[in-house]
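In what follows, chain A forms one complex with chain B and a second complex with chain C.
What follows is the complex of A and B.
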């Protein structure tokens, strides 16, 4: 399927890049990316992937837009308060780029639904706000061999790493088990500077695009950390961990499971 | 002695008995009970923190949990 005249114009700044070109843009248009979480990280990820012409974007989030989200979740606008985040996000994506097919999942990811969900996508981006989801996404992606981008933020610092299952360091290589509930503060408890998810989420979107194009050097086997107060990026090489409970030499995790006791939601208390 | 902590050369008092465990206390590292420690490029087992020595010239990275996305 050739690009239309309007697509050639829309994506012209991509197409003139030798790393993208018409072929690369076609690849993006034929690609499917799942964004889990339509909050601080999910907002810039969804906006940039939509503008880039990722052909199919899935968004999963059970939450609705709250006034306290708007300081950082730039895909949601003031009139969206009370609206499901996936619907609000879908409306913005379609307004930016009608080329994009949007699939919405107004639900939390769980052991019961995640394997089926990720199987439909080429790349997964973690934009979630709790450790239960972060460990679940890692486990599901490692078990399914699905590449994904991890992102985490708190106050003025953020981290991100790209996981190529079986090839590069996974989240559990670094953090074998989740921290106990309430051991690590959430953004709603400790705060977050509104622009921080914009920085980390934009890097995650960049990784998704590079992976889909097959260009450049991915953030695999190294974790990027960002400190907004010091204004410093660090790139820490992290080798695979032979004792990793899911991708090490003797894995003890062979199927996904919910870490229900860990589930905390940033802005809303779970009923 | 000088060790590299999170990429920064750091001078610490001479102490031949310094371990990962004692270093975490000495520096009052945040999330001390949960932080991941990488020593010279290898992730260290928490069970061995008290017996793993930290020697001059070593490179230590503290990797913290960040659960937000919110």
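What follows is the complex of A and C.
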């Protein structure tokens, strides 16, 4: 389908780019991306993917907007307090770009629903805030062969890596098992500088767009870390781990499971 | 030869439309692009050249517009 005049104008700064052009923009318009988590990371991811004209955006999050979210979750506004985050996010996405189809999933991802959910998308972006979800997303994407972007933030530091299952380092290649419960404080306990998810989430959205376009060099096999206090980025090459429990030579994980002992997320700890 | 009329279309939309039209062609195909005087004729040929297309000729029309002949380059 040819671009309309208004699409030509909306996406003109993309179309001008040699790496995008009209064909690349059409690819984005025909793409489907699932964002898991409509919080700090999910906010810039959703806003930029919407603006970029990703044709279908899925967002999964069971939570509702809380006053304490607004310091960093820039897709939610003060009048949205109490509203389901996926609804608040959908309203902003549609206000930015009516070209985008939004599918909302007002639920936490779990072993029971994640395989079916990710199967409908070309790329998955992890914008969650807890280890249970991060390991679940990695396992599901590796088992399904679904490329995804991992992102994590705490206090002033963040990290991100792009996982191409079977080709590049996965999250469990680096961290075979989750840390013991309570070993790592959550955002609500330890705090997080509000602009941090803006930096990491924007990088994750960039990776999604590059993957869909098939252009550039992805952050695969390299973990990027960012320290906002020191204002330093580090790019650490990490090879695949032959002993990885899910993508190694003798995988012990062959289906998704919930890390029940880890299900303490920031928002469940609120009094 | 196909003529793409970009008179009255301002920068950078004229370049964007020329680029989109060229995307539909095969390498080696030729088109004529009708451009306004001023910014348009200064920028569009340069941008198309930057994209790897061949500029074959530019001439002023009787009405004071410009007719740019372009051959599509490699994708």
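Note that in this section the second predicted complex is superposed on the first by the 267 of 271 C-alpha atoms of A that agree within 3 Å, B and C clash if a C-alpha of one lies under 4 Å from a C-alpha of the other, contacts with A are read in each partner's own complex, and residues count from 1 in each chain.
Note that in this section a residue touches a chain if its C-beta (ideal position, glycine included) is under 8 Å from a C-beta of that chain, and two chains touch if they have at least 3 such contacts.
Just so it is clear, the structure is predicted and the values come from calculations on it, not from any experiment.
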Three-chain arrangement built on chain A, chain B and chain C clash or fit: fit
Which superposed partner A:9 touches (first chain B, second chain C, both, neither): second
Touching partner for A:183 - first (chain B), second (chain C), both, neither: first
A:192 touches, of chain B and chain C: first, second, both or neither? first
Partner chain in contact with A:173 - chain B first, chain C second, else both or neither: first
Superposition-derived comparison: chain B or chain C, residues of chain A touched: B
Chain C versus chain B - closest C-alpha approach in the superposed model, Å: 38
Shared chain A contacts, counted only where both chain B and chain C touch the same residue: none
Chain C-facing residues of chain A, complex: 3, 8-9, 12, 15-16, 18, 21-23
Chain B residues touching chain A - in the complex, by the definition given at the top: 6-7, 31, 33-34, 36, 38, 41-43, 45, 61, 63-70
Of all residues in chain A, those that touch chain B in their complex: 37, 39-42, 72, 126-131, 134, 151-154, 157-159, 173-175, 179-180, 183-184, 186-188, 192, 197, 223, 234, 236-239, 241, 243, 266-267
Chain C - residues contacting chain A, complex: 12-13, 15-17, 19-20, 23, 47, 51
